[in-house]
Amino acid sequence: MTVEFLILVALASGILAYFVGRLNKVLGAVVTIVASMFIFIMIGYMMQDINAGTTFNYNAVEYMPDFVTFMVTYLGLFFAILVTFIFAMVSFFNPFFVEKYKYPALYSMLYLFSLAGVLGVFLTDNFMVLFFFFEFIVWSGLFLIPLGKNNKAAISYYAFSTAGSFALLYAIFIMFAETGSYNLHLGLATVSGTTEGTYVLALLAFAAFAKLGAFPLNVWLPRALGKAPDPITAVFSGGLEKLGAFVAVLALVKLAPVGDIAGTLGGLTEATFLFASQYIVATLGAMTIIFGTLMAIRQDDAKKLLAYSSMSNGGYILVALSLGGTLGLSGGLYHIVAHALASAAAFLAIGAVSRVTGTTKMSELGGMIHKMPVTYMVYLIAIISMAGIPPMGGFISKWLIFQAVIDNGLILIAVAVFFGSIGSFLYVFRPLAALFLGQELPQHRDKAKEAPFFMLLPMLILSGLIVFTGVMPNIFLDFINDVIAELGGTGLLLGDYTITGVNGVLQPTLIASVFGVGVLIAFIIFILLKKSKKVGLMDTYTAGNFIYTEELMHYSLDFYAPLERLYEKHINITKDFYKKLENKVVDFGRMVKYFFFTNKPEITVFWIIILIGFLLWGEL
Amino acid sequence: MLSTKFSPMSKEEVDRKWWEIGDFFRRNSLWMLMYCTGCCAIELPPAMTSAYDMERLGMGPMATPRQADVLLVTGYLSLKTLRRLIYTYEQMSEPKYIVGFGSCTINGGIYHDSHAVINQLNKYVPVDVFVAGCMPNTEAVMNGFVDLMDLIKNKKANGWKDYHERYDWYLANQKAALGEVRVHDEFHE
Amino acid sequence: MIDILLMILTGIGVAFFGFVLQTSIAGVNRKVVARVQKRYGPKWYQEFLDIFKLLSKRSVTHGWIFDFGVIMALGVIIGTAMFMPLTSSFMAFDGYDNFFIFVYLIAVGMLGMAMSASGSGNPLASIGVMRALTTMLAYEVPFMIVVLTIIKLTGTSSLSEIGLFQQVAGNSWFLIALPIGGIVAVMALMGMLGKKPFETYIAPAEIASGPMVEYGGKQLGMLFIMHEITVFIEVSLFVHLFLGGAENIVLFIVKYFVVYTILNIISSVYGRFKIDQVVLFFYKWPLIMAITQAFIAIYLGWVI
Amino acid sequence: MSAILLIAVPLLAAFISILFKKYAHYILVFVSFASVFALEYMDLGTITVGGFNAPFGIVLILDDYSLIALYIVNTLFFLVAILNCNEFKKVGSIMLVALAGLNGLLLTGDLFNLFVFLEVAGIAAYLITTTNKKPLATFNYLIQGTVGSSLYLLGLILLYAMFGTLNMADMASSIASSGYGAGVTAFPFLLMFIGFGVEAKLLPFNSWTKGILANSNRLTGPMIASVYAAAIGFVFGRLLTNVFVIEDTFLIIVTIILIFSVVAGEAMAYASTKVREILLYSSVAQAALVVVVFMSGFTGWAVYLIIGNAAAKLVLFLITNTATKQLGNDDVETFKGLFVNNKIIGLSFTAVTLSVIGLPMFLGFVTKMNILENMFVSGDYIWPAIILITSVVEGIYFIRLLLNLWYKENDLPEVKFEFVLKYVVVIIALLIMVFGVYTEPVQESADDLVAYSYIEGGNL
Amino acid sequence: MTNSMSNIEFTTDLVESKFSVLSTEVVDKYQVSFEVKKEDVHSLLSLLKSSGWIQLSYLSAVDWPLDNEFEVVYIVFNWDKAVHIQIRTRVDRETPSINSILPIFPGCKYYEREAHEFFGIKFPGNPDHEKQLILEEWDDLPPLRKDFDPRAYSDKKFSKMEYKNDFVNTNGEVSKQDARTKRYDDIDKLRTGGKK
C-alpha cells in the first residue's frame, strides 16, 4: 500500500462524496466514514512493514514532477496514525450534522480533502509536497469553517494559517537555496547549526506557532474552533492543529538549537542547559499556556472554552519539545496523543449536546446529564485527561513534562506550567458544572435525549483509549521511543509496567488499580448505609424561599467572575494588537487612496514631478 | 435471668440496637440550625461562647437544614416566616428535632392577638422541647438542650415521626392558618 | 499476586490509620482552639461522633451524580492515602510515593466532590466549588515552586527519599534550609486545608458552607471522612517535604500533631479573606518569595 | 503570413466598419477571431516595414515572446468582444482600432513606433471608456495618459539624442557599448518608465484607474484591467529585458515605486468595501508584481503571471460588472450571497480568486512558487518576503470577499448570468485549475521562454 | 437655627404661594405638614421634586372612620435644606382611590402596594398596586383599617393553647386574664357611652 494511493483514495472518495452528497446528503457523509476508516486501517497496516526511512517513490502517474516523493518515517507515521484516527472517529458524526449545513456535499468533500492533505504533510520527505498539502488543508479548512456559524472566523483562520505557511515556505526556499533540493531531511541537516539555520528555525517556529495557535499568534484558534461546525472543531483541535506540532518537531528537534547556552536573566542564569532559541520558544509556550488558561476561564461558549484549552495545551507541547531531551520529547509527543484524544472526545461530547439543543453557550444550558448520561461520562473522562489527572493519558504526559521542566531548573516556565495545570481544573470544570450538571432547564428538558448509537460509538472508543493511554501507556511510549530514536535521541526507560523518569518511577497501572480499590471501598461504605431518599433538583436549600424558576437556581453565567475581574483588563493584548495592525493597514490604504486617487489629473502630474525631482536631486 | 443459649436477634432487634447506637451519636453531636425569628436569639451567643460553651456538649451551628439535626425556633413566628419554617423543616434530614424558645412559640406571648403572628407552634410542626420564658435566660436554654438529649436517650424525641404519622393533621392546621403553605413570591421568580 | 494483595491491604491500613490519626488530632485541636478562645471545648473524640452520627442519619439524594461524585471523591482519596509513606522507610507501595501522584489524585477527589455538589442543583454549591477551585489556583503555584526547588535539590520526587535526604547528617530540614520557601509552604498549606483566612469557599454565613450545602446524612459523613483523609495527606506531605520525614511512627505523629496544631492556632485568630483577596494574596508575596527562594537555592546554591 | 497583417487588417476593418456602421460589431468579432486564428500561421522572425533595414527602418518582431503575448491579448480581446458585441455596438470601430494598436504594441521593435501604437491604443482606450458615462474620469485618464506618453516621448528624444537610434536592439547594444554612466541614461529611462507606468497602473501614476475601473461596465472593465493590462505588461517586459539598464539611483527609484505599488495596492484593496475597487487595487499590486518579476529576469514566469492575472481579471470583472449592472451598485453588502443561487459562476469566481491568491491546485500557485524559487536561487531574499507578506493581505481580503459572496441566509440578490458568459468563465476557471495540477507543460514552457526571449528578442 | 427656620419659611412660602393649602402645621424645625386637596397632590409633588425635594421618604395612609375618609400622607425630603414635607390629602373611604405618583417618584411603587395591602386604597397608574407584597394569601379586610379586629381574626385563624383547668388560679381571685377582659369591656362601655 503506497502513500500516494491512499492520498488518491482520499481525493477520489472526496469527489465521490461530493457527487453522492448531491444526491443524498447523509449518504455523502457516510462515504466520509467509509473512506476515513479505510485510510486509518491502511495507515495502521503500514505499522507492520515500516522500517525507518522507507521511501515510496512516485511512479504511478507520469505527469507529476519528479520531486513528488513520499516517505514513511516513524515520526510521520506517529502523526498520521493519530490524526487519521481522529478523522475516522469524528467522521461518524458527519451523517448526523451534515444536514444542518448549507453545502452538505461540499462539506463531505472537503472533509476528505483535509484528510488527504494530512497524509500528504506527514508522509513525505519533500518540502514542496509538504507545503502543497499544508496549503491544501488551509483552503479546505477555509471553506469548512464558515459552514458553521459565521465567516469572520474563517478569515482570521486564513490570515494566520497563511502567514504560518508562508513562513514555512520562506524557510523551505532558504533551504532550497542552500541545497538545491527540496528534500526535507537533507535540507534540515544542511542548514542545521549554520546562520541560515537560525532563520529557518525562527520561520519554522513561526509556522508551528501559527498552526498551534500559540501566543502571540493565537487569535484565530478560538474564533475558528468556536464557530466551525461541531465535527470540524473536533477535527481541528484533535487533528489539524497537530500539524503545528509536527512542524515544531521539525524545527526544534531536527535543527540544532541556536544562540548561547544559558540565557542570562538579570545576572542569574535560569536556563542552565538550554540554548537561547529553546528558551525563547519555551517562554512563548509558557505565555501560551497562561493566556490560553486565562482566556478559557472567561469563556461562556463551551466550544470556545475548549478551543482556548487547545491553545493552552499547544503551549505545553511547545514547552516540552523546546526543552528537548528524553523527557521533553517523550512528554511532548505523548501530550500530543493525550490531548488529541481528549480534546476530540470533549468536542464530540459538546457537539452531541449542541445537536439536540442547538447551542453551546453554557449560560443557556444546564442539567444535560439527566438526559445524556453517556455523553456526560465521555466528557468527564476527556476533561480528566485534559486536566492531567490520573488515571488518564494526560497525567502521563504532564508528569513527563513537569520532570523535564524541573530537571532543567526552569523556575519561571514552571510557574506557567503549574499555573496552566491548575487552571485547567478551573476551565474544564465549568462546562461540567454549567452545561451537564446543575438545574435541568425547561427549554431543553423535552427536546434533549441521548445521542444515537453511532455517535456514542466513536465517543466511547475515544474514552476507552483515553483511559487506556493512562493505564497502559507503555505500549504507546514504546512507539514514541522508536520515533525518538529516529530523531536521534534516547528513549524513555520503560519497565513492564513502569516508566522511569529523571526523579521518580511511575506505575500507572498500579495507580489505576489502587484508584479502583479506593472507589470499591467507598462504594461498599455507601451501599452499606441507609438508602437515600430521592428528591427533585429544585428541592434544594434556598434559605427558606420558594423558588420555582430553574434559571434562578442555575449558576452558570460569569462562573469565575471574581477571578476574571482581576485580569480582564489586561488579557486582550494580542487581539487588540491584531485589531490595531488591521486598522493600520486600512488607514494606510485609505491614506494612499486619499493622496493618490483623486479625480484631479494634476495630482498625478505633481507626483511625477516630485519623482523626477527626486532623481535629479539624487544626481546633483 | 441469664440466657445461656445464643439466640439470634430478630431483625427488629438488630434495628433497635443500631438505633440505640445511633441515638448515642446523635445526642452527643447535635448540630443546630438557628431560625432566629425573634428576640430569644439573643440568648444563643452567650450559650455558644466561653460563658456556657455549648460545644462541650458536641453542639454547633450549621449552615443549612440538610446538615442540621435540631431546628431552633427562637421567638414569635409571623405567617410569612412560618411558611419558610415549614419548608426548612421538611428539608432537614431525619432524625430531626425542634426546640421552641420563649412564650411566643408556646402561646403567642405578647403577640397573642396579632393578625400576623401564630400563637402555638406545635400545631404546625412537631416541637420536642419548649424553653419557656420571655425571654428564657441562658441557663434555661442550656437546660433545654440537655433535656432534648435526655429525650433522645429515652427515645421520646419522636416529633419527626409524629410529623410523618399525623402529617394530615399538621397539614390541616397549616392550611387553616396559612391558606397555601407554598406561595409564589415575586422576588424569586 | 499475593504480594500485591498484601501491599494493597497495607495501603488500606495506611489510609485507615491516616483517618484515625487525623480525626483524633482534629478532635484534640478543637479543644486546643476552644482553649485559645477561653472555652472548655468538646471531647477529643467529638469528630468521630460527628462522622458516625452523620452516617447514621437518613439522607436525601439529588440524582445519581450526587452519589457517584461522593463515592468517587472518597474512593480516590482513600486510594491516594494508600500511597502515603508513614515513616521514611515504611509505605505500602515502595518506590511509588511520587509527589505528583498526591497532588493530582487529591485533585480527583476535589473533582468528584465538585461534580457531586454541582449535581445537587444548588447554585450556592456551584459558587462554593468556584471559590474552592479559585483558591486552589492561588495556593498551588507557589507551593509547587517550592517543591520544585526541593526536587531539584534532592534529585528525586519520591516523598520518602526526600525525607531520607534530610535525615542524612549535615543536611537540615528543608523548613530550615529553605526558610523563605518554608514560610510559603506554611501559607500554602493553610490554603490547602481551607483554614482561615483562606476558608472562603466554605463561608457558612455567606454561601451556606459552599459545596457542602446540599449534603446531609451519609453523603456528608463520607465527605467528612474524605476531608479528614485529605488533611492527613496534605499535612503528611508537609512533614515529609519540610520536616525531614520521620524516622519512626512516633516522630511522624509528633511532627504531624505539631504542624496541624500550629496551623489551627494561627487560623483561630484570623478572619476571612474575600476570594479575590485570596488570589491576590498568593500571587503577590508567596509567589515572589517562592521564586526568590528557588533562584537562591538552585542557582546561587545558598542552602542553609 | 506576415505579422503586419495583425495590425493592418484591424485598422482596415476599422475604416470599413465606419462605412457599415450597423455591422461594425460583426466585423469586430470576425476580425478579432480571425486574428487569433491567423496567429497559427504566422512566421516567426523580423519584418521590416517599408524596406528599410533594422536600425533605420521600423521593424516588427515576432518571436516566441511576442507570439505568446499576441495569443493571449487577441484571445482575451476576442472574448471581451464576443461578450459585449451586442451591448456596445457603437464602439465596434474603436475596438478595432484598439486591436490594431495593441497588436502593434506587442509586435513593434522600434521605440518611436511603440509610442505611436501606444497613442493609438491609448486613444482607443479613452474612447472605449466613454461608455462608462463618467466623462470626468475619462478626461482624467486622457490627461494622464497623454502626460505619460509625452514623458515617454521626452525620454525617447533624449535617448535618441544620445545614441542616435530608435531601434530597440540597436539601442540596447549602443547603450552597452557607449560607456555612458548609469546616471546619464537614468533620467531618460525614468521618463520612459513613468510614461509606461501610467498605462501599467503603477503607483503613483495611476489615479485614473479608480475613476475608470470603479465605474467600469462589462466592456471597459475586462478591457482595461485584463486586455490592456496584459498588453502593457508584455511591452514592459520587452523594454525591461531588452532596453532598460536598471542600475543605481534608477534602480532605487524603481524599487521604491514597485514596493510602494505592491504594498499600497494591497493595503488599499484591503481598505475597500466595493467589489470593483478591491479588484482594481489588487490589479495595481499585480501589475507592479509583473514588473518586479520582469526586472528580476524571470521572463517565462512573468508571462505566466500576466496570463493568470489577465484571465483572472477578465473573469472577475465580467462577473462583477454583470452583477453590478443588475444590482445597481457594487458594495460588498449588496453582493452578499450572490453565489448561493449561481453556483457555477461562483465556483469559477472562487477558483480564479484562489489562483490569484496562489493557493495550491491552481495556476497561480505554480507561478508564485516558481517565481519565489527563482528569486531565492538568484539570492534575492527581500522581494520574496514582500511578496509573501502582501500575499497574506491579498488573501485576507479576497477570502473575506469570497465568504461574503457565498454565505448568506436570506434576501439573496437576484442576478442572471447569460449563457455565453457562463461558458467563458467556466472554461477559464477550468484551464486555470487544470494547469494548476498538470504543471509539466507550464514548467517547461516557462523555462524555455526565458531562453528564447533572451536570444531572439534581445540580439536581433 | 435661623437658617433652618428660614428653610421652613421658604418652604411654606413656596407651597402656599402656588397652591391653596387647607392647613399648614410646622411639626418641628425640620418638618412641616401641608394638607391639600386631592387634585393638587400631583402638581405639588412635581413642584417639590423640581425644587429639591427629590426623595420620597414614605407614603402611607391614616384611617379616619368617623370622617369616613382615608388620609394619604406623602413624606418627601430635601437633602440640601434638611426639610421633610408631609403632604396630606383626604380620599373617600368607601371607594378609596388616588392616582399613582409613579411618574414623579418611581420609588413609590412598593409604598403604594403596601398602602393598598393594608388599607385597600387603589392607586390607578401603578400597574402592580394590587399584587400581594407583605401579606401572603390575605383573605380578610385590610388589616390596618380601624374596623378590622385583629384579635377576632387571631382567634378565628390561630388555635390557642388550651389550658387545663388546674392551671387556672381559682382561690376566690379573678384570673389576670379575666380581669383584663373586664377592664377592656369597661373602657369600651365608657367610650361608647353604654351603646353597643
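Per-chain numbering from 1; labels A, B, C, D and E assigned in written order.
Rule of thumb we're sticking to: a residue touches a chain if its C-beta (ideal position, glycine included) is under 8 Å from a C-beta of that chain, and two chains touch if they have at least 3 such contacts.
Computed from a predicted structure; not experimentally measured.
Trainee: If each hop has to land on a touching chain, what is the smallest number of hops from chain D to chain E?
Mentor: Minimum number of steps from chain D to chain E: 3.
Trainee: List every chain that touches both chain C and chain D.
Mentor: Touches both chain C and chain D: A.
Trainee: Measuring centre to centre with C-alpha atoms, which chain is farthest from chain C?
Mentor: D
Trainee: Starting from the Cα centroid of chain B, hunt down the chain whose centroid lies farthest away.
Mentor: That would be chain D.
Trainee: Based on Cα centres, what is the most central chain?
Mentor: Closest chain centre to the overall C-alpha centroid: A.
Trainee: Which interface, named by its two chains, has the most contact pairs?
Mentor: A-C
Trainee: Just how far, in Å, is the C-alpha centre of chain B from the one of chain A?
Mentor: 58
Trainee: Report the inter-chain centroid distance for chain A and chain E in whole angstrom, where each centroid is the mean of the CA atoms.
Mentor: Chain centroid spacing, chain A to chain E, equals 70 Å.
Trainee: Distance from the CA centroid of chain A to that of chain D, rounded to the nearest Å?
Mentor: A distance of 44 Å separates the two centres.
Trainee: Report the inter-centroid distance (CA atoms only) between chain B and chain D in whole Å.
Mentor: 95
Trainee: Give me the residue numbers in chain A that touch at least two other chains, ranges are fine.
Mentor: Expected reply: 539, 541, 552.
Trainee: Where does chain B touch two or more other chains at once, residue-wise?
Mentor: Touching at least two other chains: 64-66, 83, 183, 185.
Trainee: I need the residues of chain E touching at least two other chains; which ones are they?
Mentor: In chain E, no residue touches two or more other chains.
Trainee: Okay, what are all the chain pairs that touch?
Mentor: Result of the pairwise touch check is A-B, A-C, A-D, B-C, B-E.
Trainee: Can you tell me which positions in chain E touch chain B when the two form their complex?
Mentor: 131, 134-137, 139-140, 143, 148, 150-151, 153-154, 157-161
Trainee: If you look only at chain B, which of its residues touch chain E in the complex?
Mentor: 79-80, 83, 106-108, 112-120, 123, 173, 176-180, 183, 185-186
Trainee: Spell out the part of chain A that touches chain B in their complex, as residue ranges.
Mentor: 539, 541-542, 544-549, 552
Trainee: Report the residues of chain B in contact with chain C in the complex, numbered from low to high.
Mentor: 18, 21-22, 25-26, 28-29, 31, 49-50, 53, 55-58, 61-69, 92-95
Trainee: Write out the stretch or stretches of chain C touching chain B in their complex.
Mentor: 30, 34, 37-43, 46, 49-50, 52-53, 56-60, 204-205, 208-209, 212-217, 220
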